[in-house]
Amino acid sequence: MGMTILRRMAAATGITLLAAVFTMSAHAADPIKIGSFLSVTGPASFLGDPELKTLEMYVEQINENGGVLGRPLELIHYDDQGNASSARSFASRLIRSDRVDIIVGGSTTGATMASVPLVEQAGIPFISLAGAVVITDPVKKWVFKTPQSDRMAAERILEDMKDRGFTKIGLISGTGGFGASGRTQTLNVAKRMGMEIVADVTYSGSDTDMTAQLTNIRNTKGVEAVLNFGFGQGPAIVTRNYDQLGMKLPFYQSHGVASDSFLRLAGKAAEGLRLPGSPLLVPESIPEGDPQKNIVRNYKAEYEAKWGQSVSTFGGYAYDGLMLAVNALEAAGSTDKAAVRDALEGIQGYVGVTGEFNMSPDDHNGLDPDSFRILEVVNGGWVLID
Amino acid sequence: MFSEFLQFLFTGVTIGATYALIALGFTLIYNASHVINFAQGEFLMIGGMATVSFMALGLPMPLAITLAVLLSGLMGVLLQRFAIAPAKKADVVTLIIITIGASIFIRGLAQLLWGKQYHVVPNFSSDEPIRILGAVMNTQSLWVLGIGTVVVVALVLFFTRTMIGKAILATSMNKQASRLVGIKTQFVLMLAFLVSALLGGIAGVVVAPITFTSYDIGIMLGLKGFVAAAIGGLGSGVGAVVGGLCLGIVEAMAAGYLSSDYKDAVAFSMILLVLFFMPRGLFGAKVVERV
Amino acid sequence: MFDQFMKVRLRGMIVLAIIVVVIPLFLTNPFQYDLATQILIVGGAVVGLNLLVGFAGQISLGHAGFFGLGAYFTGIMTGTYGWPAVPTLLLGAAVVGAIAWIVGRPILRLKGHYLSMATLAVGFIIAIIINNESQLTGGPDGMPVPALDLFGWELSSFGLYSFFGIEFDGYELWYFFAGLMLLLAVWLAQNLIDSPIGRGLRAVHGSEVAARVVGVDTAKYKSLVFVISAVYASITGSLYAHFQGFITPAVAGFDFSIILITMVVLGGMGSTYGVILGAAVLTLLPQVLADFQELEMVMFGLILMLTMIFMPKGLLPTLGSMAGKRFAKKTGGQP
Amino acid sequence: MTALVEVKGLDKAFGGVHAVENVSFSVDAGQVYSVIGPNGAGKTTLFNLITGLYTPTGGEIRLNGETTNDLEPNQLAERGMCRTFQQMQICMNMTAIENVMLGRHLKLKSSLFTTLFRLPGLLRDEKSARQRAADLMEYVGCGDYLETEASAMSYGALKRLEIARALAADPKVILLDEPAAGLNAVETAALEQLIRRIADEGTTVMLVEHDMKLVMGISDHLLVLNYGRVLAEGTPSEIRNNPDVIAAYLGG
């Protein structure tokens, strides 16, 4: 008997599906709609997960405080699972079906770029949370982003290396979007700065051992420092393998692992490595009087109290994205898309978790490389170096 | 130069031993039911993740591991009972899709239960790596190899010395005939899933300190295990072990000597090459077409 | 009797055409057109895959590789090198067909799970190449693709067009264009199936030995259907690239291969209209489940499992036989 | 005149075990030639060798004077050889008439282009193939099943269907592997009629069969195999009186 019911259920699924799709859409017009598509699950979930949590938490908080322009915010979000095609579909849904007023989302560069043509065509302000420099260079009319670009990260790392007198670098990078784009930027920046990449190896996101690649770097003559550009669990494995191989060269990671969970995974192997990161990881080290100090401290405290897990830089991108959107909405005084876009472009001196944003028609990112702080792992915690 | 080679070899053998353990799980189920179980990777995931969460509850590591492996075994039984058994008349491809559905379902549950973060399982013993002739090896790699060997020996004994093991083998040879001599095939199939899931759970626990663990770790490892099983020849235990080691070593050597970008492509090309010359893998049974 | 066959085939096509024309009456916004168009395009790919899997009984777990090759050939040639779209699409199909022929000859000797392993490997290798050759393909972050240029007339889903004084939005035109392409794909597939060649193919599935002893060169036929299904994938991949305007290596990836084969199996292997239903269900399901947030994955897995356990023949054939034999003859099962 | 099928010193070993060993014989055109022997004597293996499903490990097979050792079954079909199987090989995913039309495969040479666009040439060919298939089904006695799904047919009807499929290729020689197995007396009698008719109309028939009454009744020549070797060869009466055969087989 149970079988029959189940069979009927299965049969009904198909019909329900069709019906369900047609009944999507149609919401009340009152609230300001913030649309978002994030990689909440899948290989980039450590980006999307804290981003979504941040958005949910602050939308709720803003509404408790009376909303924006006297209207509540409504967050409509979808999980693209790290797949760019789904991201594009969801962007289409947000724009055309949910008719959102602004989009804050796009955890990965692929997801962001896949949605850009739609966004540009529809003319809707879009604040991306992804890293690669291609998102805002060249500038696209409707597209903004909150994280520093990977080019800035490369610049910041290589500068620090140069300051310490290293010019020959061994590079290891992930083959995912973040690592591959970071690798390209590192190669370009190194050339410009007169530094040399003497070893250049990669690993894929699902690899479980990078000893072979690191052995090659170790055996390359003249390497003075090693940089790993990647995100996810891969860099933690790289860090451990690095330690196991007994490699003593100065080791750098990218901002892709700037989170406490990385330290948890890599353990004592992370000791001594440096990376460019947000002051979010070292709120107590920021000098008193720095305008970022309070914002960072509050965000960290609120996030950790609400979700019971440590903050990551990525959640900070979402925080800034949401706040930039709110600022622009308030400055524009309406949800008129062109006005909001212009307001976004005109934002000056907004201090966020990631840094101080100064947007302009030529710069839809608005951060300068110094917003990255060089951090070092000392005794299992982050220490601000620069 | 030799130390470099040795290093690649160590790396390859460690990864390969992992693949071999997973491939053995595939082989067991394939032998008993001719199903390729795409949810095999999820058993690994359960082994690793459950260990993490039992340890977080304050259980001592050996107990946490035991419970995790048992939980994984339970999952195997449930999978056979509720997903494979009701669909016994289905096509091969249909069964594959069912196991894919099951793996997504299990992964979804794990995500609800344990969240999306990566977790660490501590090394079973010292964190200090061992140095041999200029190459290093993680102590956990020795655990993987050691437990892998124990598991293989145990499986051999199980299939040659115990009634249950022999019953599974008999069922894999000929369902009809074994039913005639009184073997309950459904029960035997369930046993095969149980043993295979236990195996997966064990593999998941021993590799977790090396690979970390998360709700979606099973996808790629499961796939690699299937690849290893196919190179070795589906249904062959020796094949699974040799296939796993081959795959691991080829990946490491390709990453070390050829191109890290294309190491996976090299591994997949090797599979094509093996199948080209040996259409049933390295140790697959030769079957004469009967008409 | 023969005419009756023709009628059944035609009737199926007419029903499909009517559905394609009627659906827009229920579509209320461009997003829904967007989904519907995706279904029509991917539907074409699975109609081709069904020739291989459903009719010839050969499993492929790497078919997205060919879809991705078509998409990237179009993306690179029309985008980077400015080639005209239609000739590029056709040339891409020829190139992909040739590649399929070259890899198909050796791997199609394999049987069962070994064949699925080999196709999986081929798909993976293609995806890895697309991912790594970032100079050409833009790497993992993907590349933009220009709008479809039909001999000087640009079809963009963002455009606005006017025919005989009636205004059409680009997304509406894309929908109908994709619908037309799907009908063409179905027509060609039906013609192939209901022919001596098609009987040869089905015999490879039914009894390969029987096929060989009556003179069917099964090796040649397997290669042929492999190539044809790859060409289907390539052309639909090209269309998909133009339609989406942006492609990433995910279009060639293992996940998408699995989705394609699942569409075939879920909809009903060997049922041309069934697999289109499969494409529709698997495209809509994630959109519907998106509202369930973190329950999405559990529900997706559960639905997939239950459907396959209780409807092992697939949705359309099962629904068809539930609605009575007559209906089944017309739409499901064998044409 | 040369023999239609000629086998010389044929050998087939599976991992050291000889299923067929040093077998020689020849079949003239127009004959009904039967192979008999106890179970496991190598009869089906012999048929599989002749029709190209197995490759011999030694010896030679000739069809119409041409050596065919290395030819594929489909190449043999092109040269006029067709067969049925002890364990029936019917395409259960097709209708009955489609199965027979499959047998017509070699006579239908439309190109892929013609097929895809369903050009008139194809339609003409299909129509005549369908007609021919329907006639053949009538001929073998399963004319009532034209549009029936093969999976819905009875065992006896499928047996006849398989013969119709083999005949559809207009073969010079047809090999029937235990066509009477599982049939009742009435069906067997009809089968005997059918085989005789096929032979009378000029198609050579090779037969593996256990039903001695049937075999002795219609065969022109017999080959007796035992343990893969030739035990005896000759006309039915010679075989009936051969002491070796009686000792090993007939007499039990």
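Labels for the chains are A, B, C and D, by order of writing; each one numbers its residues from 1.
Just so it is clear, contacts are C-beta pairs under 8 Å (C-beta built on N, C-alpha and C of every residue); 3 or more make two chains touch, one makes a residue touch a chain.
Predicted, not measured: the structure shown is a model, and the values here were computed from it.
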Chain located farthest away, centre of subunit B as origin (C-alpha): D
Distance-to-centre winner among chains (Cα means, whole assembly as reference): C
Separation of subunit B from subunit D, taking each centre as the mean of its C-alpha atoms, in whole Å: 47
Chain centre separation in whole Å, for subunit D relative to subunit A (CA means): 71
Between subunit C and subunit B, distance of the C-alpha-averaged centres to the nearest whole Å: 33
Chain centre separation in whole Å, for subunit D relative to subunit C (CA means): 41
Residues of subunit A engaged with two or more neighbouring chains: 3, 40-41, 175
Residues of subunit B engaged with two or more neighbouring chains: 86, 111, 261, 264, 289, 291
Multi-partner residues of subunit C (each touching 2 or more other chains): 132, 209, 294, 296-297, 303, 310
Residues of subunit A touching subunit B in the complex: 3, 40-43, 45-46, 49, 175, 201-204, 206, 208-209, 211-213, 215-216, 219, 232-233, 236-237, 244-246, 261, 264-265, 267-268, 309
In the complex, subunit C residues that touch subunit D: 1-2, 188, 191-192, 195-200, 202-203, 205-207, 209-218, 224, 270, 334
Residues of subunit B that touch subunit A when the two form their complex: 4, 7-8, 10-12, 14-15, 18, 86, 111, 116-118, 120, 127, 129, 131, 136, 138, 207, 210-212, 214, 216, 219-221, 252-253, 255-256, 260-261, 264
Parts of subunit C lying in touch with subunit A, wherever the complex brings them together: 26, 28-32, 34-35, 38, 131-132, 134, 139-142, 144, 158, 244-248, 250-251, 255, 277, 280-281, 284-288, 290, 293-294, 296-297, 303, 306-307, 310-311, 315, 318-319, 322
Residues of subunit C that touch subunit B when the two form their complex: 53, 59, 106-107, 109-114, 116-118, 120-122, 124-125, 128-129, 132, 209, 254, 258, 261-262, 265-266, 269, 294-305, 308-310, 312
